[in-house]
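There are structures below to look over.
Two complexes are shown next, each including chain A; its partner changes from chain B in the first to chain C in the second.
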Partner chain A sequence: MLMAAIKIAAVVLLTGVTIAAFLTAPPLGGMQAGGDASRLFYFHVPMAQVSFVSFMVAAVFSVLYLRTRRPDHDMMATVAAELGLLFSIVALITGSLWAKQAWGAYWNWDPRQLFLFALVLFYGAFFALRQATPNLDTRRRVSAVYLVFGGAISPFLFFVLPRLYRSLHEDANQVVTSTQSTMSPLVGTIFGFSSVGFLLLYIWLFKLGVAAERIEQDAGHRTV
Partner chain B sequence: MTASQTALVGVLIVWAGVVWYLVRIDRKIKRGGGLK
Partner chain C sequence: MRKAWAVLRKDVRAEYRTRYAVNALFLFALVTLTALSFATGGAALTPLLAAVFYWVILFFSVFASLAQTFVKESETKTEILLKLNAPDDAVFFGKWTFNLLLVILLNIVLTPLFIVMLNIQLSEWGVWISTLLLGGIGLVSTTTLLGALIAAANVRGALFSVLAFPVLLPLLVTAIRVSELCLGGSAEISRVDAYLVLGSYAAVSTTAAWLLFPFVWRD
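Up next is the complex of A and B:
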């Protein structure tokens, strides 16, 4: 019942956000923001947020695995890492498309772009490492330690390091001195619904990923 | 139709495809008894 509500809410919210994103004025004014391309703000930022949440979920399940040694926790951590990687790749692509319009090039060596790309490489390497470790017990232990390390560095790569360097991302240059938002109420509302919608979509995908993994395991196939 | 309305129709078609695909997998998994 709860899952059904989550699925329906995700579809309704994200459909509403898509319609609002295209039918209202671009959220960020001025040519520097990329004009119409700034509508990507409603999708790019929530997807980056969800990828961060997913990397944290992966780290939590990895800690649980190291404490309990339950294979289910290892599987859930891996599904979370997969989804985090998926969302960060899409965030990177949407960010590049927007950057082309706003800053003139797909790749600008912007700290935020660079650190997100570093995370994509880090979690991409995780799956290479996992596949290259034939012993099941070693694979699970090494994976758990890797994902805990990933969870420890993610906050720095997402929030701290981009603020230490001059960035093309406007928010990264601002010293956070107040909690007051610079977004207009309409933009803030659409953005808020989008963040919640993507989070609910993530829960749905996570549940699907775990269920699919269980079926694969029951069938005796080794997947992730 | 303006450019953003045309883009909206395109994005909604893709989104409908994604939702249809997810619901299909969901049903398949439930039928297969994989969901607890």
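Up next is the complex of A and C:
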């Protein structure tokens, strides 16, 4: 029942946001912010947020695994890491497309880009570690430890570095959570809906991922 | 505490007999430095480039050598003995201190060589030394935990750098910026901020590595 509501809400919100993103004025007008390209804002920022949330979800399930040693928790952490990798890659691509329009280059080592890039590297290392570890118990243990350690370090990349160095991202030069204060009410509303929509989509995908893993386990396949 | 001291003494003695880690660490650093010095051919380096060189040499020498901390134990089949005779905390801090000593030693050798071979002007020694020390602690905590991790996972070599790099990125970026200041550059970073980042990174990584270590060490 709850799941059905989440699915419906995700579809409605994201459809609405997509339409609104194209029908309203560009959220950050002028060449400086990329004009029409800045419509990516409604998709890029929520996906970057979700990739961070996913990271935290994976770290929490890893802590649970280390405490309880239930294989289910390890599986959920892995699903969260898979989704995190997906979202961070897409956020990285949309971000660099926008950066090309707004700042003239796809890549310029902005702290925010550094964060997403580190996230992709981290997830990549995580899956490399899993694949390189043949013993199932050891694999679960070491990958959980790696995720928790990464989770402990991640605030540096997400909160500290962007504030320390001058960022091209407007929000990063202020307090991250007060992004909305610099937006017009309409832009803030669409952005809010988009954030919630992507979060619900994430929950949906997470459920699907877990269900798919369960089916594979029942079918006797050893999964990564 | 006494057990940690015993682990440290055992490691120092084993190292003195084989000189495996020391050789790997110092020769790797020397070879890289020589290559860089030769390649740049005495051209004047900007402070930023020099800072980047220093930290990249330091990072990869440490990766090449300290990754073996625990692999060594499993190779010489002394792992079980260590597990039986010393509590987890003692093993962690014994190894941690040993690795930190190695890194400090490396810095003591590398800094003068660096100044000589790359023709660098180093001002602000206090900032330089404290940056190396704070950065070294974060580096050592991370490599000690990940060293135990790859020994447990039974994967060697290349994977270590892959695992270590993303978690060490904040440290690397900050350390390079503040080192640039010491080399006469104009990085946009205040010393206080840099100390706060390096110090809190050292604290967080040490605490996290210490708490997570038993899960890697014990089956």
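Structure notes:
The working rule: the second predicted complex is superposed on the first by the 218 of 224 C-alpha atoms of A that agree within 3 Å, B and C clash if a C-alpha of one lies under 4 Å from a C-alpha of the other, contacts with A are read in each partner's own complex, and residues count from 1 in each chain.
The rule is simple: a contact is a pair of C-beta atoms (placed from the backbone, for glycine too) under 8 Å apart; a residue touches a chain by one contact, two chains touch by 3 or more.
Since the model is a prediction, treat every value here as computed from it, not as a measurement.
In the superposed model, A:11 makes contact with chain B only, not with chain C. Once chain A of one complex is fitted onto chain A of the other, the partner contacts of A:127 are absent, as it touches neither chain B nor chain C. In the superposition on chain A, A:211 makes contact with chain B only, while chain C stays out of contact range.
By the touch criterion defined above, A:19 reaches chain B but does not reach chain C. In the superposed model, A:103 makes contact with neither chain B nor chain C. Contact with chain C, but none with chain B, is seen for A:156 once the two complexes are overlaid on the shared chain. More chain A residues lie in contact with C than with the other chain of the pair chain B and chain C. The contact sets of chain A with chain B and with chain C never meet. Contact residues of chain A toward chain C in the complex are 66, 114, 118-119, 121-122, 124-125, 128-129, 132-135, 137-139, 141-142, 144-146, 148-150, 152-153, 156-157, 160-161, 164-166. Chain B contributes residues 3-5, 7-8, 11-12, 15, 19, 22, 25-26, 29, 32, 34-36 to its touches with chain A in the complex. Interface residues of chain C facing chain A in the complex, by the touch rule stated above, are 142, 145-146, 149, 152-155, 159, 162-163, 165-167, 169-170, 173-174, 177, 188-189, 193, 197, 200-201, 204-205, 207-209, 212, 215-216, 219. The part of chain A that touches chain B in the complex is made up of residues 7, 11, 14-15, 18-19, 22-23, 36, 39, 204-205, 207-208, 211-212, 214-215, 218.
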